[in-house]
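As structure tokens, here come the structures.
Two complexes follow with chain A in common, the first pairing it with chain B and the second with chain C.
Entry: the complex of A and B
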């Protein structure tokens, strides 16, 4: 890349832009005078009235808490003050609102199954963070536009942020001990057994915990606080299907099919080994299954027994599918958490790749596909020797074991490189970029929205809908309809609209609208990862302390294994949390912008079309990110 | 090779069945030396204390395990005995254990100490020592 000076007009644009944005900022943050404010807050399962409290910075805020049913609490994020009220016995709280922004106030006394999600919002204006967040989004958008509008020709080499070439690789398996570990038949068997142990406790706790409240239950807390957060924040974005590597669910199925647990038995399945139908060899079954399982989120995230049923069903179905179908058909096409892992794994830093294609070309039969005495042919039905995307690679490392030339590596690669990868030759129908993956990316955004609004929003009636307090249009059915409308119509519709605008703006004749739609939908991968990460922060900071309790007393039997059973609920970093959420959201946008222009270049024929076609998508990204910042802090 | 496979299978069973057996064995060992009573706490309209009346042997160390299977908090008090540890609240879904020495004969009341419902005052039971 050559260094060139920005022309004068660009400087002028930047100055004007910043002046404009900062004038908005000062307008919105005009100071006001301190006052004494008094609020009477009624608490009932699982909402507050009023659910939104607005004060100005510097105000002295007094709150009288009245409970209408059971013992409830009132804890203010960021301020760390709390009170509680029994029916007939009020609670009182006063503090000076000396920090500005939006803060959740939440129930601090276990009051029922949805207790951890009983939330209202306190606004202390001026809400600077919200303004700065919008400012950040606009600034990123402006910078992206300035950079892209100056381009004279298509990039010859794709580079992440114009710095790291996308084909950059670093083979981690250069390190002998790591290669030896990955080639051992005990790996990943040992991590799997460890998780088998953990999930045995989870299932037992779920079974014993019954229909009680979930926040003192090992099953509910480990799965929905620890596992989900680790999955969404670390495993998937950094390492891809790292969870699948150590997932215990398919173990029994593998055992039945192979007749051996760790040694290499028959390559052909002991089961029927049928082939999954071609029509369903894509992400669609996973899109639908995951969406359907979110229907029950109001139960299995809070009720121990529902968690038991869900996990039990997954394990049973995994075994049944393994009996009828070949290899990891269950993981590829049925497991509800497989879909987003597969799609988001394309963003991850790691991957299994072959090193020298020439060696692979000459090697017949390809042992990474058919297996040999060292290991099994790829259980995920990939073609490891030419694999260039993480979507369907379960990181089982069989191909490292079966390759006689040590030609398979675990590599480090730039974020998101796989999103640009196209299968050169497809042996199987599922290896292509298409609407199934686009819809996976889109529904993940919709599901995020419903989850956030129900579990981190101030709306008690939404929580009633999700937990099916009433059925019917204003109850559970309404929730299902709403989630269908958002996930399958509104969000895809909005992208479709902007894809159409993009095609229009590009003035391209030959490009198909569907391709524009599919290509740009991959922008939503980093966006989805970021907002789910920010969502997870909102779970782990306020509620992480439950984990200390449940590891000491997993079955609520009065145990105290590690001496932490009596640690009370202690939220931490709740003041820092909104800032981190905004940062993470902006981080996602940074990647989306970088990827987006690259997608535009590959969608459209020449640089002119690509630059014009990019503008509507850029606007789309700016709009949705303003929306997300609003969701988190506005 | 054969040995490895066997070892793996053993590990797998240890992680599953072994864990379950271990958990119950540990629980059993904790109960040693005590006369144990299982008590379920529910608001009066949902079933009240269960059992509401029970008998324990005189002179024994008694362990009462109170399981709150509801989604509201309950409490437990038995003023005639020195119960350990003192508890003021048993949260929803939680289980608490108390211990005491049954050193008096007769029938004594116990009740909930947390406003759990409008019928809260009726949430009481009787323990007989003989």
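Entry: the complex of A and C
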């Protein structure tokens, strides 16, 4: 009997079994008796010993804090209590553990470069949030299985959660003021100039800023706290390559190539105008370059001068690439942060699309490609008239400016529409939408893991490895090996294993394993967006208040421009944070489950194969989400 | 065109590398601490009086000076404190100078007068510490850590030998305890008393060394469960720039108290945070 033709009683047994398992979870999480607990915690840059403290709900917890090097603090997320200790003196803290769950305790006194990431974990049993998180993952998985198992035939029209047709589009530029704005040559020039101003201050702060502590430096705080969080939580998931639209880095290169800053100059790039090799006209260069850039995360995310070097090098490389290669080659194939923005932009709500393909077909020459007196031919070397995905569209809106028929629109579309877009000829020519995008999705999850463990985990030795305190196998080299193993072997290997199981379960003879692997990798796009969003919450809530200081004293010279320089470090929503992280993670899973079954239908030829092939991937998604919930709150 | 592009590239690379080189040389490093905390202050005013310690502590002189209470905490050690009964919560302190000498007065409660220091009995004591360099930041209290410190330690047993001319039964004693060792060490030393106060130099934990020139005099009196000790030293050090010179302005100091009957010795003591002397 096929697993999809089970009688109702079997379904009932499954649901009852699920509820039974859930009750075991709650039994395991039952509270024990309250007691007085005393902990002696030693602090040194940038770890605590013990790094994990376990108590029961209701316990009276006393902490004796001892510093072994410089002045350190001890703040407990969610409880809002803190103490500090100078070396040679101790800090003391007592509180009743009346909230259950996992709480980070973190340094509250600036103690060095990695101060914001000096973290340990306090577990207050029972950890109900972890139990509820797992319950949520299992429940979503079960619901998904129950829904998909009842399908009798392939979906004729793909609908997001079975509600919104995935091909639905709403042309926002039918509103004339918006169209006029996007057609103006001052847009996006003015936002770029604004960002140029901000980044000039960032570079100056990195170069001549008064203090070496990243949390008191304008450059580090704006780039790695504010920008990164806005990028991962709002720009990329909602608007796609919104940042690329207003990024100031290619401005100088554009100016050199075009001879004009605002108005239309040369259509053919000044400089050598070389063409980027065809074999590298996909996401592979960006997969590698972003991974390589993470090797130095322990430096440029915390040290102002390292931030200066990184941003300076990116600007320099952008200019040099513009001198040697045509148009926005740098943005497309070299910029380290371009790859994940491009891939994740396919999930976003906005995109530039042609309104009526028939008009474009008849229009010769294609001014969106070759340019005219109103604008440049697509700097991102896309074919805007047939564009159906956001990966390589930088939202520069040149095609809106050059189209004489106003046939290009900024459209509102459902989440993930582009992930299901038809392949174009260019995709095959340049071997796009293959393992390049799969590995981009997979390495982003691996990099998340490395970042989370090093910067939000309780492991001081990992922070020592990332910051190259030593260089051997137990130091920096170990970190690089671990990063390579996780990003390129373990995470891709795990998907490959379940893709193989999917093919096996489907009993399909025709479909290639590579296609199964690539297709299902797109489920991980919303997963990646969600876990990076949850990771960003862990950055902005505890550390966001440093922003108030640095806007008043951008160079750490003792200024107080807006009267906020003296506001002390004030973490906010640290109690709410774990709940939001679980919700965001489950939100990502919801999309992954919806997309996953759709990809299964796309991968396999009939409904039977699709449903059977879906089960291993469903299990895979359940397992990785239990793992992610554990990472955040378990 | 090709040559121009290569030339521009070379210039850009050279300029950027130059900037990085300059920046690396002028990078300001990492501050140990940014958030400031309130440092208690002690005024050291001028009084046209001098004290002959051989005649006593001159309580009539000290009555004219307002006392300041300084909070104390226990010195942290790697080994957990087995019993913290000896913990002293505060010490009262006064100071003045006569343009020639500087005087410090410390007073604290102690139920027992402990003036014997051997291998099993420990003496009551108190100390004042000054960074040798004048403009140091108050980074860490423990033995300076970031520079040299001068420590004046008055000890009850030495006071008894020096002022009361009473010799101890044994000269062997233990008084050294390195606070960051995992195991407690008791090196036994031979005792040689020169004065009631040890004039010491340290550059970090575990480096306490008697100075070649002992410049500090001191005397302590125990009465009705209260210790009072007075330190006296010329404003200008005999060691010139290598010593601590008390000139007008601000200078850091810190205090420590040992309760011998509670097991305090060496690293086991109650200590204050940094204290700012305002020498007028």
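Side notes on the structure shown:
In this section, the second predicted complex is superposed on the first by the 605 of 634 C-alpha atoms of A that agree within 3 Å, B and C clash if a C-alpha of one lies under 4 Å from a C-alpha of the other, contacts with A are read in each partner's own complex, and residues count from 1 in each chain.
The rule is simple: a residue touches a chain if its C-beta (ideal position, glycine included) is under 8 Å from a C-beta of that chain, and two chains touch if they have at least 3 such contacts.
On a predicted model such as this, the values are computed, not experimentally measured, just so you know.
In this overlay on chain A, chain B clashes with chain C.
In the superposition on chain A, contact of A:217 is made with chain B only, not with chain C.
In the superposed pair of complexes, A:263 makes contact with chain B only, with no contact to chain C.
When the shared chain is aligned, chain B comes close enough to touch A:200, but chain C does not.
Contacts of A:178 after superposition: neither chain B nor chain C is touched. In the superposition on chain A, A:110 contacts both chain B and chain C.
In the superposed model, A:568 makes contact with chain C only, not with chain B.
In the superposed model, A:309 lies in contact with chain C only, and not with chain B. In the superposition on chain A, no contact is made by A:504 with either chain B or chain C. After overlaying the two complexes on the shared chain, residue contacts for A:66 are found with chain C alone; chain B is out of touch. Shared contact residues of chain A with chain B and chain C: 70-71, 86-89, 109-113, 209-213, 216.
Interface of chain C with chain A (complex): residues 1-2, 5, 8-9, 12-13, 16, 19-20, 23-24, 27-35, 73-76, 78, 80, 139-143, 145, 179-180, 271, 273. The touching residues of chain B, when paired with chain A in their complex, are 1, 4-5, 8-9, 11-12, 15-16, 19-20, 23, 26-27, 30, 65, 67-73, 89, 91-97, 114-118. Partner chain B is touched in their complex by these residues of chain A: 45, 69-71, 86-89, 109-113, 115, 185, 189, 193-194, 196-197, 200-201, 204, 209-217, 251, 260-263, 304, 553, 555-559. Put simply, chain A touches chain C in their complex at residues 40, 64, 66-68, 70-71, 85-90, 109-113, 207, 209-213, 216, 271-272, 305, 308-309, 312-313, 316, 319-320, 323-324, 568-569.
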